[in-house]
Structure formats: C-alpha cells, structure tokens
Amino acid sequence: MASPLTSRVTRVVLATVLGGVLAACGTDATNTDDKNTPSTDVSTTNATDSAANAGQLATVCDSPVVVQTDWYPQTEHGGIYELLGDDYVVDAERGATTGSLVFRGADTGVDLEVRAGGPFIESPVVTEMFLDDTITLGYVGSDVALSRYAEAPTLAVFNALTINPQVVLWDESKHPGVSTISEIAAEVRAISVFGDRPYMRYLVAQGVVPTDKVDTNYKGVLMLATDDIAHQGFATSEPFRYANLESGAVATAYQLVHDVGWTSYPQNLAINKLRLEPLRPCLAALVPLMQQAQIDFIESPDRTVATILDVVERLDTTWSQSPELAAYAVETMERLGIVDNGTTPIFGDFESPRLDDFVARAVPILREQGLPIPDIVAGDIATNEFLDADITMP
Amino acid sequence: MAVDTRIAAQLRDVHHRFGEAGVLQDVALTVRSGEIVAIVGPSGCGKTTLLRIVAGLLRPSGGEVARPDSGVGFVFQEPALLAWRRVDSNARLLARGEDAIVNHLLTVSGLLEHRHKWPHELSGGMKMRLSLVRSLAARPDLLLLDEPFGALDQITRHRLHDEFGALHESEGFSALLVTHSIDEAVYLADRVLVMSSAPGRIVGEFAVPFPRPRSDDLRYSSEFAALVGNIARSLYRYAGDA
Amino acid sequence: MNEIRPPATPRNSTHRSPRLARLAPPLAVLGLVIAGWYGLAYSLDNNFASADGSALIIPPPHQLFVGLNAATVSRIASATWVSLGTAAVGLLLAILVGVLLGVAMSFSRSLESAFWPWLIAVQVTPVIVLTPIIVRVVGASFTARLIVTVLIAFFPIASNTLFGMRSVGRALHDVFTLAGASRWHRLIHLQLPAASPAIFAGLRVSAGLAVIGAVVGDFFFTRGTPGLGRLITFFFQDTRSGPMFVTALIAALIGLCFFVAVAALRRLLVSPWHRP
C-alpha cells in the first residue's frame, strides 16, 4: 500500500514542479509578481489578451465580483481562489472570502468575493443565485441547470472541471478484481449516496445499479471500513482520505460516474440568465481570466493551495484540508483529465455533441422525478460566447 | 356441611382477621328458607366482610359456613351494572336461559319499557331495581344484600322497600340484608341481628312480629317505633367509640 | 311606568344556523393562518425572483399546486402509500402489542413491576433517534419501519389498557366471581369492555404517534421507495417548495384521517354507553 502511494506523491511533486516551470514560461512580461517571472514563450500569446482584459475589468464589472461555490473551499475550486489577491479577508460568519481580483499579479481594480457553499447557504446554489442579486456567478452543474431551468434558468459561461470527479468507490481489498459500478453493485449491501441524486437515477435507469441497492443516507462519513457498502465520493478526495485513515489505511477502487454515461459538466460558472444582458460586458472580460486562472492553478498550485488551506482554517468549521490532500487532488485532476481541454483545444468550453447528448439523456430522467423541465437544448443552459478561444491547456 | 332444606344458610363460630386486626369473632347465624334476616351495626363493624364470607367471596379465618349449592345472589351497595350492555342484556347476565322469568321481573320492577336503554340513562332507583332483577333472574335460594338502598333518596328507598317486599312474596327467596338503617331492617326483615364493632360479633337478635305484606303505614305505628328504639339502644350499647 | 316587556326574541343568527356559529371561530383562525401565509410569502426577499414567477422559498397558498405534474403526483402518491401503510399497519400492531402488554400486566403484579420501568424507558426515549440503529439491525425494510412506528405508538395503549383493566370495580368483579366466570370470560365480557374508554383515549394519542412515527421515521429510511418524510427532504434538496408543502399537507391529512377514524370508531363502540 505504502509504495504506490509514495510513488504517486512523487509524481504529484514532479507534475507540480513541471507545471510551475511551464506556467512560468507562459507568463506575460508585464507581470511584476515574483513567482511569475517574465518569459518570451510564444505558445501562449493568448495570455496577453487576457491581461488586456484584466485591465478593463474595473470599467465593466461591478465590484465585488461574487462567486458562490457549492461547498467548503477545496482544491476543485482552485481556479477561482487563484484570482484572489493576498489582501483577502475571511468572514467566517458568512463563509465569504473577499480580496482584490488579481490576475497574474495584476490588480484588476475590482474585488472578488468567493463564498463557501454547503452549510453556509440555506438553499442550493442555483436558488441562491435568484434570491441574492449580489451573486455574479455560481457553481451550477449541467444536471442541476436542467432540473431548475423552468423557474431558475442559469447560463453556464465556463466549465472549470471538464470531467465530473464524482465516483462510486469501494474497498478494493474486500472486492478484488472489481472495476465497475455495475460489478460492485452486485457485491455490496448498498450504495450510499447523498439524497435523490439524478446520476444515481440514471445508473438505476441504465440497469447499472439495482434500485434496492440505492441508499440515500450518505452523510460524508467514511464508512467503507465498517460497512459492506460502496458510496459516492470525489476521485480527487476520498481515495486519499481512505489511504490516510488514522484507524488504518483502506485501499479503494472506484469508477467515474462520467465513464458510465452521466456526462454532466459538474462545476460550471453560471449566471442567473435573467441578468445576462447587464452582465455581458463583464463576462466578456472576466471569463477569459477564469479560464487562464484555472490552467495556471493546475500548473502551479502552491500559492492558491496555501490560500485555500488558510481560508479553511479561518472559516473554523469541521471541514479540513491538507497540503497532501490538495497535492493528491491536483495530481488526480490532471491524471484523470478532470481539468482538461477535452476534445477541442479550447479550455473550458462546452462541447457540442457531448452536452447535446447529455441533455437528451438527462431530461427524461429528471422529468421522471417530476421536475417540470421545458423542452430545451444545450444552448439554453450553456454558452461559449465569452470564452477566449485561444486559451488552451498546454 | 349438609344443609337442612329448611335452612338457606348457616354460620357457626366464624371468625376472621385481616392481618393482626380481628374483624369478626364467634359469629353464628342461621337464615331459614324464605326468611329475611337483617344485620344492623355501626360502620366498619364487619357487616360487608360477613356478607362476603356467606357468599363465598371470602374464606373466613375459621369457622363453618353452609350456603345453598345453587349459589347465592348478591346485590351490592352500588348497582354494579355493565355500562356497555343495555338494560335487558344486563338483566339476563346471570339468568339461566329462562326468558319468561327475566321478562316477568322486568315487568314487575317497571323496567320493561326501559329495556333498550343504556344503564347511564336510568335513574338511581331504576339502576338498583335492575341490579336486583339481575340477581333474582338467576333464581338464587339466598339473596345477599349489602346496603342496596343506602344511596337512594327517601321516597325512592321506601318505594323500593315495598317492591322488594312484593318480590319476596312472589319469588319466595331467602335473604340476608346488611344495612345501617334500623328502620329499613325492621320494615323488611323477619329478624334483626345487631352487630358490635371491632371485632364484629352478633350481640342481639330481635324478631320482627309485623305481618306481611307490610305497608308504609307501619312505619308510623308506635309498635314499629318501639322496636326500632329497642334495637337502637342495643346497637348504641355495643357501638363503642364509633 | 313599570310596563312588562315581552322577553327579547333570541337573536336569529344563532337560531337559524347553529352550525355556522360553530364553524365560524375555527374558520376565522384558518383565515388568519392563510393571511399570515400570504404575508410571509410576499415579505420574503426575492421569493418571486424566479423566471416563471413561482416562489423560490415559500409558495403562497394559491401556488401550492403549481409544480404538481403527473410525475410529481405519482411520486407523492407512492410515498403516501408507503407512509399510510406504515402508519396503519404500525398502529394495528401497536394496538395488538399495547393491549396484550396492558392485559398481561393487569393479570400479574410481578409482570407489571418487571415491565413497567422499561416501558417508561422506551416511552421517554425519542425512539426516532434509534431508527438508524434499527435499520442497521433489521435492514431498511418494511419491518424496520413497523418496528419504529410500533415503538413510538404502543405505549399510550399499553398504559391505558392497564389502567382501564385496573379500574374495574370490586363489585363488578364479584358479580363475575359469583357467577363462576373463567378468567377468559371475565377478560372478554368485563375487563376489556370496561377498559375500552381508556383504551380509546390511548388509541387517540397512539394514532397521532403512529403517523408521526411513519412520516418522521421515514427521514431515516434511506433505501427503497421513499415515504412522505424522505420525499419532503428530496423536494427540499431540489427547492421544490410547492410539492414539499403539498407533501407536508398530506402527512397532516393522514394524521387527521387517523384521528377522525378513531373518533368514529369510538362514537360507534363507546360513546353510546359511556358517560365519563
């Protein structure tokens, strides 16, 4: 157990260092930040455009730009915290972290407020985006966007995670040789998930998981060691947590829900669609910065990981993160293509056949749950309009 | 103990204790067939205990008790009706199949027209009549009555006394009546026994010479008053601190 | 001067429709509740900031049924069926268990002293919090739902049966003793009928508890077809406040139905003869 983990960590470090070098090579000359040393590399000329956008942000965006995330600060949110200047302050009461919106060391002149989700909000993110006018962008998965389209239509302008890190995982030692959700469903007592999730409905509808094996009791507790179950999790988190359990390491195996066909874009930055017109100029300037920031974060995560760990500590909740977990998450996001260009070279875009297929697949499942979804197409819930087509992950 | 057919019940040398306290001591009494015997005594002298011993509801600490093989009827201080049964169903509770008798008893006690009512719809007197009818429907050779008229107003009580007398005339049962009313004892009984308290003993016996059927006028006669007075004096002599 | 006036004629309104007079106060309260509901719905910030004008947090009464499409109705129907079945079967079992325990304890003082403290312990324990453990042991089956419901609901019946059985007067017992009645005969014809008003008083409480047990306990039943409790949490997670309120109303309606059914049964079996 120990040796593959060690080698994995080594690879993370390698990737991090390598990424850092690459990022350094791609940085614009106008930057004054120490860690982003000037470079003459021509492969990322787009960054120049982005920096230009950064300059005009103050003229087109209200300050602060508010991003409502879906959970406690975690590595998956790295691209947003990447844009947070070092002058940030944490309001533990509201779960809000506010600082200058800084792109590659350049202060844009507007503030960025990143809000934690989970227990800090009473309603799901998508509802909060309609209840609270101050939210500029919120994390909304494509499945949720479909579910709530009738009364709370959102428009995704950028996907921060190309592939959903959502997995079903199980104890590898108890179930040797099992590699798919379908196989593990046949072996365990139950598959534990949080609430009535659409992806599980899909797995049931596909015959991957028998309906009587679905248990909606998942509370975030690591239960594999004590119970004959499999449960939901993130590829970027739970396998590492299990491998480092104080009560003894548990080796886990998992399959991505994405690989079984639930190809929802999981963590899109979306707007309240009713506010599209007034936000249009701001989005045009802001979205390319977010694209680049996500790439920058993956390539050189250290500073932002430190920010996230600090914010988590200042929020002072039961939620915990560690540098090791963050390193594992970054490594996993790269390895599994969770943060990736996808099939087009454009980073963060919604790819046409994939999202169309997903909408066609998901709408009937969601309607079965009684969700009043009108007839919609991919273009209703997502747009590539604001993306910088030149920004790509090297 | 074999029972003389002319004797409805007989007690010899009965004594009873509740724990350390002697309740009854050396009680001997006989109820002859067709006879009504009344026991008067102060409250708490053990009258009810004695009645329960005669009924067989309580085994005495010592002594001999003879009672009819056919069982006894018992009329309690309260009507003890089954609230969830209508009048005729209550009347038939202990009856042994003979519908005619129950109907006859209901008729003579004025309950027939109320037979479909619930007990709670009856007056106190009606309830007591029903209790009496229920006991008599079993055709007992011996009827035990534990202050059955005590809770009724005087007019109702006197009316029931006469009805009881009439039933006794027609049905011919024997009865042992416990009461704290000397008037009642004299008016209803053929003999009155006086009981002392703590422990309860039979301390006097008075024959009641008045012919039957008796009527209300008897209550206002000097002979009646004299007998009541004699019994009262006997009672007070033994009443102790009560 | 002292003319004698005819007595004032009684006011017509009360005479003409006593039913209306009786219904007016509760209807007035209903009106207040609905007014308060509207007030709340329209005073919440951005409650109607949705694209289609539906409420995001609390739907006003006239919007309750907006999201009720066929699929939602069928989910609510199946959840109602699950909870109704659990509550009904659970209540029947609670009656059985409660009456048996009450009868057993009334027969034997030693049984009573052995069981009573533990029954109190079960009664004062919020059994619902034990649900996850029960589920763990028995599995998330109908059986587990029943166990939770019975544990929550049986006590008032057991205790009232015991007290009802004990309340039978000595004279009534003597009547049966003198008649040479068997224990069984005494139980069926004397003690149970005499205890029935008390049993019904317990049943009224237990019926409410059974519905609570079935619906609230359902929050913990995370597998299989959801009952009303879990469906409410699902609707809550999806912020579907209309269906959520409708589901809650149905839970209340089930409770009301149970209450009315017990009252009707009592009116049939006990009220005619029982005067408290």
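First chain written, first letter: the chains are A, B and C, and each begins at residue 1.
The definition used in the following text is that a residue touches a chain if its C-beta (ideal position, glycine included) is under 8 Å from a C-beta of that chain, and two chains touch if they have at least 3 such contacts.
Quantities reported herein were computed from a predicted structural model and do not represent experimental measurements.
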Among the chains, which has its CA centre at the largest distance from subunit C's?
B
Most heavily contacting pair of chains is A-C
So, comparing each chain's Cα centre against the centre of all protein Cα atoms, which one is closest?
C
Subunit A and subunit C: spacing of chain centres that average the CA atoms, whole Å:
46
For subunit A paired with subunit B, centre-to-centre distance based on mean C-alpha positions, whole Å:
94
Going through subunit B residue by residue, note those that touch at least 2 other chains and give them in order.
none
Within the complex, which stretch of subunit A touches subunit C?
123-124, 126-127, 130-133, 147-148, 150-153, 190, 192, 195-196, 211-212, 214-217, 273-274, 367-372
Which positions of subunit B touch subunit C when the two form their complex?
52, 55-57, 71-74, 76-78, 80, 82-85, 93-94, 118-120, 138
So, in the complex, the side of subunit C touching subunit B is made of residues 169, 171-172, 174-175, 177-180, 189-190, 193-194, 196, 272-275
Please give the residue numbers of subunit C that touch subunit A in the complex, ascending.
45-47, 49-52, 54, 56-57, 67, 69, 71-75, 132, 140, 220, 222-224, 226, 230, 233-234, 237-240, 243
